[in-house]
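Read the structure below first, then the notes.
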Amino acid sequence: MVVVLKPNTPIEKRNALIAEIESMGVTVQVTEGTETSILGLIGDTTHINQFRISSNEIVANILRVQEPFKKANKMFKPEDTIIEVNGRKIGEGYFSVITGPCSVESEEQIESIAEEVKKNGATFLRGGAYKPRTSPYAFQGLGLEGLEYLKHAREKTGLPIVSEIMSPDMVERFVEDVDIIQVGARNMQNFVLLKELGKTRKPILLKRGLSATIEEWLMSAEYILNEGNEQIILCERGIRTFETYTRNTLDLSSVLAVKKLSHLPVIVDPSHGTGKAWMVEAMSKAAVVAGADGVIIEVHNNPARALCDGQQSITPSQFSQLMDKLKKLIEIEGKKLEG
Amino acid sequence: MVVVLKPNTPIEKRNALIAEIESMGVTVQVTEGTETSILGLIGDTTHINQFRISSNEIVANILRVQEPFKKANKMFKPEDTIIEVNGRKIGEGYFSVITGPCSVESEEQIESIAEEVKKNGATFLRGGAYKPRTSPYAFQGLGLEGLEYLKHAREKTGLPIVSEIMSPDMVERFVEDVDIIQVGARNMQNFVLLKELGKTRKPILLKRGLSATIEEWLMSAEYILNEGNEQIILCERGIRTFETYTRNTLDLSSVLAVKKLSHLPVIVDPSHGTGKAWMVEAMSKAAVVAGADGVIIEVHNNPARALCDGQQSITPSQFSQLMDKLKKLIEIEGKKLEG
Amino acid sequence: MVVVLKPNTPIEKRNALIAEIESMGVTVQVTEGTETSILGLIGDTTHINQFRISSNEIVANILRVQEPFKKANKMFKPEDTIIEVNGRKIGEGYFSVITGPCSVESEEQIESIAEEVKKNGATFLRGGAYKPRTSPYAFQGLGLEGLEYLKHAREKTGLPIVSEIMSPDMVERFVEDVDIIQVGARNMQNFVLLKELGKTRKPILLKRGLSATIEEWLMSAEYILNEGNEQIILCERGIRTFETYTRNTLDLSSVLAVKKLSHLPVIVDPSHGTGKAWMVEAMSKAAVVAGADGVIIEVHNNPARALCDGQQSITPSQFSQLMDKLKKLIEIEGKKLEG
Amino acid sequence: MVVVLKPNTPIEKRNALIAEIESMGVTVQVTEGTETSILGLIGDTTHINQFRISSNEIVANILRVQEPFKKANKMFKPEDTIIEVNGRKIGEGYFSVITGPCSVESEEQIESIAEEVKKNGATFLRGGAYKPRTSPYAFQGLGLEGLEYLKHAREKTGLPIVSEIMSPDMVERFVEDVDIIQVGARNMQNFVLLKELGKTRKPILLKRGLSATIEEWLMSAEYILNEGNEQIILCERGIRTFETYTRNTLDLSSVLAVKKLSHLPVIVDPSHGTGKAWMVEAMSKAAVVAGADGVIIEVHNNPARALCDGQQSITPSQFSQLMDKLKKLIEIEGKKLEG
């Protein structure tokens, strides 16, 4: 951490600040500039409250040198994290394909989709039982019933299941029922939930928030890691920008950033990332060659009748064509499609 | 709702779509354009799943005519909602000043700040007992102990207290302990929490999410209203933009928008909205003349020692000067400072 | 165009508005809703001044049905535009690779880079003679001298040259000297310049503005088309968002959108799109499989000594490796690398 | 400037980098951290090409300590710049009210508006002769004829005139005809234009770009200052965000930032900043109390017939009411309404 002082700071105020900073457990080295001086903080600054320093009247600015995340940081754990779910590996060298409907609508629906996508190469089944919807008047999901149907679909197909959790009091049930617990974009900074999930040993699929920076996203992973759970899969799902043609702007460069900064796997959601079914294939291909460890795709047997996200869901037969193209690219990338 | 069809749509497909839409309980009127036709939906479209329509292959686009919120909508309840808390009114015609530290740090701290701000015209006391922090290594608040200290400060000063809730399992306790329950920006779309709060009859201070549109913000209020709780105060606290000089970009025009679209009161948070203590006075004044129903301001006895948000907290004496200026403007606006 | 009226509009005001709109050369059809009525405008609405309508006191909102661009619109010219430059084709079915340094620094520099990139499969040479720089103290380009060096490099290698224009008075010279005239992101809405370029018959490389919507970008192309020049290549180069890890956020879905909405070719600039040399390869690959018609990449013989954009320039040997990977993907996409 | 090195950098590479940096005319001081080392650059770093340093393989990051603008910087010219136009002062202590129609439509229109607004306290007359419009099919302004009508209106009322320039070849004419030359948001980084304007001694009204940071805005002022013209008035006119209810998001905190960072005057444009006539009054009031040196407001005698921006124009009688309210606030702020 570097503290930039205001010009013409009285020496005694500067010394007082240095003493205060050093009392936080780091050493300070001064660099005298022509107009301003800077203080370099030597030691572990992760725990330092930078706002406490920045509110000192002689401080002009604070510049961070170190990333604020430690356990998610590749610098401290250079080997890539590989997560195993029912024998399937997720992470560097593997490619995972998680598919299924936005929401579980009935037992028949989820089972028939599960069978179709499995046939076409999906490695995990997703389906929403609890749905975070902008409107209270929109379909809110089947709840526990939905989880039951998902379990039946898993039994029939062998596909591990992924479903979204919405509050801390559901953790116990989700740990028992699903194979990967999804934290949606709107809950990326639901810290109470993150801490509870950190206490479990279940794999967590952590979606990037609508307007979360890459650093904030990794800090949310840090919340889970800090409680002891290292099974985290990050998921880029598009960010909010001024562009309205697409539902969100899919930020594929974030995949590269995460792979550089962290050891955690990262997958891509082209369905939410674009909001348009006809864009899903191309953006899935782009995700593969950009280095993602997988994709999560909404597939629905009848998108025009879907209770949610119909406009961004593809059909099983479109999924089948998409997989033909993905397989070629996965091979070129030297990765293994796990399933 | 207006459904725009693709050019050259076969008549039978169009008829099928019309039949489907009418089965949802509305009437359809067709307007034939030169290149495209449009369907006008007549009736209450709030409950219509627009994505189900938009995923139909002959649909080019859907345009909404009606706002998606009903209970928060001024069109359906033209008179302004006035909320009473311990005899103090919040809403059109009144001006509320909620102040206090970012987080409760000790009994002495909160009590001394409470006394100071009361003396200078604050009408409510705020203080965080549970703190949503980006980093798991940052101070997370005193928890229940913090709530106790707040209650002591209320006893001493008579100021009603406002504190932030972080998860649904805290609702019962907060209902008992605090006077206004704050929902932070990160929880604006924590729908489980909103529903629980909707079941209470406590006033809720609902902050706008970091990247929430005004419509989404009102839809979150709708979640609470839909469960029966009409005691909602909205709070503009800045949105995330590309600008990094300020912590957020305070969107004062949202105050005007909310007052136009809804009957609910709306206040402004210049502390989070700018992230800079020296900007708080000017932006508070701007909030008054823009028509806000109040402000929420972080005040700390020693910002340089604050455990959080020191850089945006003002001192009690700065608050006193600020209030002198606000009072003049509140008078010019013809409002009553409640307290 | 659909005009939404406010509730309870007096019939005579509505009739007056209808008469006014019909005087603009379109027909109006009324749909009576339960709460509001809407007016459907039938005919060509491209020339209608929608703000004139929206400022009428009885108008609640205006919804556009038609895209505002005509000549750039795929609906009116379904066949893809293919541009020929010195025998090389740009557009659907072909893949173009435009490379070279951010700025021309010397005759030796541009010639040696030109030879290197040609050897490795580049199909066009780029180089800045005039540089739009945020700071007046930064290197502003060699100007006319730079253009001369570019022409020498073209003579030696046969690569057609691309260079950025900065003002209307340079048009004549650029038409004579370069093969493709680049309009930079900051000039995307320099309408005087666009009109002048529209009067030429030179191919124009039109970059998307930093915060331009896809529609505005196509409207800028429309300015050029409207003057008679149909030789336009669009270029996605990243948009400005809240994320600061990358210089911009590369919006690959805009490539899909442009290919859907327009007949014009679109290429991708991963160098500016990310601002990081180490991201260029992966994002170039992603551009190919997302359907782009080409890429424009900054290559410098010695990035650490580059007078601009060194941090996002790759070396000729990195470019060579990148091309090995691109060629495979171009083949899979069934496209022809033109050169 | 602070250069952060990657961990475990070989000493000889570090020494080579230090030598290279020192050859640019600054001194380097090293601070050895536990994980990384940092280099502090001592001296004037304005002219240093930071990207040249950041592309060095051992550099992890560069942090700027100094602002990149010098002549616009309050640190180097602490006294506020006051601009005099025909005897009227613009800057700290004064409040300017610039009003008039979006575009000059006829001689009668501009003269009658000019007389009305003068009567109600406007201190400058604005009117567009050349209009940058997103669509080539929209009204592009009357051009030279418009300038003539503006001059007639000035003769009749004595109000100095403000009009927007669109390209460098118009500079001579504008210098002769108008009193303040406006540079629109889309031309904020038209550097050729800025340099030409820098060579004149006319006051320049420099609008903030749609997605320009405050720093970039001041750097554009620096382009003008660097050529010798110190007569610059900055104008906040709203930035582009994800919010679509308003045309832009008016960033009033930028007024505070500019007044802190620079000595130049800054005014506010609530018409473009919101895009809604009914928001203009409240946001104008907010601009006064936030500390702006003036406002620029679109006034039209018949907004429903305006050839541009009708939806955000107020009528002369609304302007009159607005001025009554502004005058009170200007007085409270201790400023002088110039005129």
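Just so it is clear, A, B, C and D label the chains in written order, and each chain counts residues from 1 on its own.
The rule we apply is simple: a residue touches a chain if its C-beta (ideal position, glycine included) is under 8 Å from a C-beta of that chain, and two chains touch if they have at least 3 such contacts.
Keep in mind that this is a model prediction, so the values were computed, not measured.
> So if I look at the partners of chain B and the partners of chain D, which chains show up in both lists?
A, C
> Between B-C and C-D, which chain pair shares more contacting C-beta pairs?
C-D
> Of all chains present, which has the mean Cα position farthest from that of chain D?
A
> How many angstrom lie between the centres of chain B and chain C, each centre taken as the mean Cα position?
Chain B and chain C have C-alpha centres separated by 39 Å.
> Counting in whole Å, what is the centre-to-centre distance of chain A and chain C, each centre being its mean C-alpha position?
Chain centroid spacing, chain A to chain C, equals 31 Å.
> How many angstrom lie between the CA centroids of chain C and chain D, rounded to a whole number?
26
> Could you pull out the residues of chain D that touch at least 2 other chains?
Residues 211, 240-242, 244.
> In their shared complex, at which residues does chain B touch chain D?
So the residues of chain B in touch with chain D come to 211, 213-215, 239, 241-246, 249-254, 256-257, 260, 273-274, 278-279, 282-283, 285-291, 328-329, 332.
> Using the touch definition from the top, list the residues of chain C that touch chain B in their complex.
2, 4, 7, 29, 31-36, 38, 40-44, 61, 63, 65-66, 75, 211, 240-242, 244
> Once bound in the complex, which stretches of chain C touch chain D?
Counting only chain C, the residues touching chain D are 46-47, 49, 51-52, 54-57, 68, 132-139, 166-169, 186-187, 189-193, 195, 210-211, 216, 219, 222-223, 226, 240, 277, 303-311, 313.
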